[in-house]
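In this document, chain identifiers A, B, C and D correspond to the written order of the chains, with residue numbering beginning at 1 in each.
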Amino acid sequence: MATEIGFIGVGNMGGPMVANLLAGGYAVRVYDPNKAAVDDCVAKGASTASSPKDLADQVETVLVCLPTPQIVQAVALGENGLSKGSKVKTYIDLSTTGPQTSVPVAEGLKEAGIVALDAPVSGGVIGAVSGSLAVMVSGPHNDFGHHRPMLEKIGKNVFYVGDKIGMGQMMKLLNNLLSGTALAVTAEAVTLGVKAGLDPKLMIDIFNASSGRNTATETKFPNSVLTRKFDGGFGSALMFKDVRLCLEEAEAQGITMFVGNATRQAWSFALNQGEAGEDSTQIIEHYENLAGVEWPEDKS
Amino acid sequence: MATEIGFIGVGNMGGPMVANLLAGGYAVRVYDPNKAAVDDCVAKGASTASSPKDLADQVETVLVCLPTPQIVQAVALGENGLSKGSKVKTYIDLSTTGPQTSVPVAEGLKEAGIVALDAPVSGGVIGAVSGSLAVMVSGPHNDFGHHRPMLEKIGKNVFYVGDKIGMGQMMKLLNNLLSGTALAVTAEAVTLGVKAGLDPKLMIDIFNASSGRNTATETKFPNSVLTRKFDGGFGSALMFKDVRLCLEEAEAQGITMFVGNATRQAWSFALNQGEAGEDSTQIIEHYENLAGVEWPEDKS
Amino acid sequence: MATEIGFIGVGNMGGPMVANLLAGGYAVRVYDPNKAAVDDCVAKGASTASSPKDLADQVETVLVCLPTPQIVQAVALGENGLSKGSKVKTYIDLSTTGPQTSVPVAEGLKEAGIVALDAPVSGGVIGAVSGSLAVMVSGPHNDFGHHRPMLEKIGKNVFYVGDKIGMGQMMKLLNNLLSGTALAVTAEAVTLGVKAGLDPKLMIDIFNASSGRNTATETKFPNSVLTRKFDGGFGSALMFKDVRLCLEEAEAQGITMFVGNATRQAWSFALNQGEAGEDSTQIIEHYENLAGVEWPEDKS
Amino acid sequence: MATEIGFIGVGNMGGPMVANLLAGGYAVRVYDPNKAAVDDCVAKGASTASSPKDLADQVETVLVCLPTPQIVQAVALGENGLSKGSKVKTYIDLSTTGPQTSVPVAEGLKEAGIVALDAPVSGGVIGAVSGSLAVMVSGPHNDFGHHRPMLEKIGKNVFYVGDKIGMGQMMKLLNNLLSGTALAVTAEAVTLGVKAGLDPKLMIDIFNASSGRNTATETKFPNSVLTRKFDGGFGSALMFKDVRLCLEEAEAQGITMFVGNATRQAWSFALNQGEAGEDSTQIIEHYENLAGVEWPEDKS
């Protein structure tokens, strides 16, 4: 029988990851305050725990996939946190929290005898479901090697970026700076193009055949903006958080980012102009409103 | 025998286009003040003219592919310009000049009885050589239809974006805003990553497997930055010009571009810090210098 | 009897200047296509001319005070321009056109044997009326010395900044960059303060007693923003023009301006969001709209 | 005999304030880990305490003047902090920490039965020595009224901005956003002016006679930049901290700040390019280096 592993945070991202781990032959014990999400995992074969500590009393390896730095900190080091568990030896953080959180959390866990690995992922809900996420791992090389086969159940592209905790987080923040910049500047360009009379779908086709291509033109615009469904599955609040964390690293490391700084501003603008919980692809609506640009009716 | 067409500006971009037109069965008469460039075309089967006017006295259709708005204006409307020619009926501008130039040039040509088409291209020298450029055409639909087969010898992706002159130019400026933003922000991200100890090649591999992918991570970094050859073939001066023209359109049309405005600043910075004639991929060197970041030795 | 001088452009700024010259003992011959403005000057003792050329046939010294670079160029070098006149020897440009215009205009005039002086002014309509403008002169030192007493009728602070034409213009653009930045950032700060519950008048009082003081907090806010009269007398279009010209000089000279570049963006935003002809103090309304901030009722 | 008050943090700013309180008839008991700074106060008549708690056991009113949010938090609520003292009833914070710190600190103190007032100051070391600081107070109106005479010994301009804790801090951050913007953009303008051949002192004189005037042109440039002494007495690190805190408030409140965001970037740039402990007036040196501009020799 397979050794059991633990998983905390089984929402939109974590839930499909658990399904893939189960499908890949792992026994998984989950914890999440959201009962419905837990029930979903149980239906697929997972067992449960009553708290992070309870989980950490029962398994040696715990993966976490959580939305904010504050929650990661509480789950790892809080009152009923993982660090209080008796059995856990390895902690693998799939969340995007930034080095500012992952480094002190790893230090706190180390004091409790637990090894931490950074392992943030890219690819969204689609990637989580299909098991095709990119995983960016940092931490002790041996521990990475040991857990690599398990991580490959989650994402087909597992990258080891260094032995220093925080490097995986940094890598993820850089990636999201690029994707957040692409989405914002593509929204700016398409808004100007629409104002000038160009057809949105045609513009996206041309970008994709030209040097303007990026993941917003390839995926987000065709799926979520041109359709006006705005269902990219990644919120503006998360995008702003990631870009902000990246810029704070840049400020701390002394890197002047002309474009990056503007990307932070663009996402702050989107967040401020939008409704709570808004999808990041809706940023274009705020550019349209600001410019008084009306989206053309679909002629296709 | 094929009807002869004219071509003005047979440099890095125009030269291979002429070769593809010749290979595609067109007779081509060229003009360029650079004799070596003309000789190259002649060796491939082109005939020559002694001035734009001389060319326009001999052919009905003239394509131009020129580096700056000023030169386009002079070639089209100047003393020995195309508009003074007796035979020319159609003018197709493959250059990136922006609507601010292409619209008045088209009006000037119209007074001389010449129809103008915007047809700026994307794809660089590689695309020009392989005939795989994207071509963004605007102008009268009939004229476009008539010349489309010829344009398809130059680029396999020929897009018709509208009947208003300037729309093709606008489309091209938007594309270059996206590519200029991608190159600048990728340079910013990689500089921060290097400072944080990440390997440049690994970063690029991860971006390409993740949502950070763009044409800089796919092509320019692997070919020209990771190799430190900086041979992308598109100068910082041209990039700044295109981004500047795009932002001037945005200002004129009332579109606030948070990111686009910063992209203009980034390329102004690159241009100011660099040597004359610098390749646009060298922008990363200026970020490195500003941050005191040393590029890691290649360990591969 | 005093030698007669010429004056072209007798609007909001030029009109009061002519009045001060007349009051200072100068005979003034004016030209302006606006008949009412000319009549006003005649009522104060001025004589008239029928065109710039006509004026230049009758006087040796001509001052011009005009709104845009295009008009300056036409008045100086156009068909019935000053350069065609037979008597004029000195041209003094009180307009803000930037070195990009003033240098070639001066060269054009030189070919016609006319000496040009840059002499843009700061101080607004209030300063023009009271004769307390700051005047920033560049050009040949002897010519400046000769005309200094006349310029002192217009502005009590006459500064000679260099013998190179364009330096006076550059000085003026730098000044307006500072004033445009002050007005924009004060609008940003007051909007945030109002959102946070602070009283606008109190904020301005505190800025003026602290290190935040600038000419927006000293004059424009007390007179035009706190009163919601928005009657500063200097349009957003002119502010944007001046800041844009300054940033183009910065780009040309290789100076990276973090703040200046954002100031250009702020004024582009104000211009785009506003009505035509809007006063520059109205920029705060656009910040308020964007943030959904309501201006508090006056409790004083 | 006067009731004794407490004062924590007697450095460059706090030291002169204590001197003014002593001169104004107050008995002052001080605490500071820096013995030399304490000795200085004792020499002027102050008594001492061995810790914040010790001080809070002996006096009813404590003023604090500290450099960072972290130190304020520790002094107020830490192990030997004020909140542990038996006698203290009122806490007045003269530091600039931002609402993000002052609000939770006030809540923590409230639980210990201590009333908090925000009272950050503007005016620098010169203002502290001369007792001419601006003081921006928020908190319960009665408590303000009671302590106003004491605060007037510190600063002649005492402003009450509201009863909500954090409003005084917000007011101070807004002020420093304006002063930080003025210093940065003046450095940008003067660097461009020098490149264009203008004399720095003359530029400053003209700004001060024109609409470009601000506290950088009035004080910091004449005293610290034109003299190349760079002794403004306010570090770049503090300036960046204040501007960053202000922008974080703007982001939290949904205010888009075009200029403010660039000001944060400018100070991040200055901090990154500079030596530790650098004076904020040195920001111009980094603009000069970036542009390769050499400061002209003083010809006066």
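Everything that follows uses one rule, which is that contacts are C-beta pairs under 8 Å (C-beta built on N, C-alpha and C of every residue); 3 or more make two chains touch, one makes a residue touch a chain.
From a predicted model like this one, the values you see are computed outputs, not experimental measurements.
Between chain A and chain C, the least number of touch steps comes to 1.
Comparing chain pairs B-D and A-B, the larger number of C-beta contacts belongs to A-B. Placing every chain at the mean of its C-alpha atoms, the farthest one from chain C is found to be A. Rounded to whole angstrom, the centroid-to-centroid distance between chain A and chain D, based on C-alpha atoms, equals 39 Å.
With centres taken as mean Cα positions, chain D sits 52 Å from chain B. Separating the centre of chain A from that of chain B, both taken as means of CA atoms, is a distance of 36 Å. Residue positions 254-256, 258, 261-262, 265, 269, 272-273, 290-291 of chain C are each in touch with at least two other chains.
Shown here, the protein chains touch in all possible pairs. Residues 244, 251, 254-256, 258, 261-262, 264-265, 268-269, 271-273 of chain C touch chain B in their complex. For chain A in complex with chain C, the touching residues are 272-273, 290-291. The touching residues of chain C, counted against chain D in their complex, run 99, 122-124, 134, 136, 157, 159, 161-162, 164, 166-167, 170-171, 174-179, 181-182, 184-186, 188-193, 195-199, 202-203, 205-207, 209-215, 217-218, 246, 249-250, 253-263, 265-266, 269, 287, 290-293.
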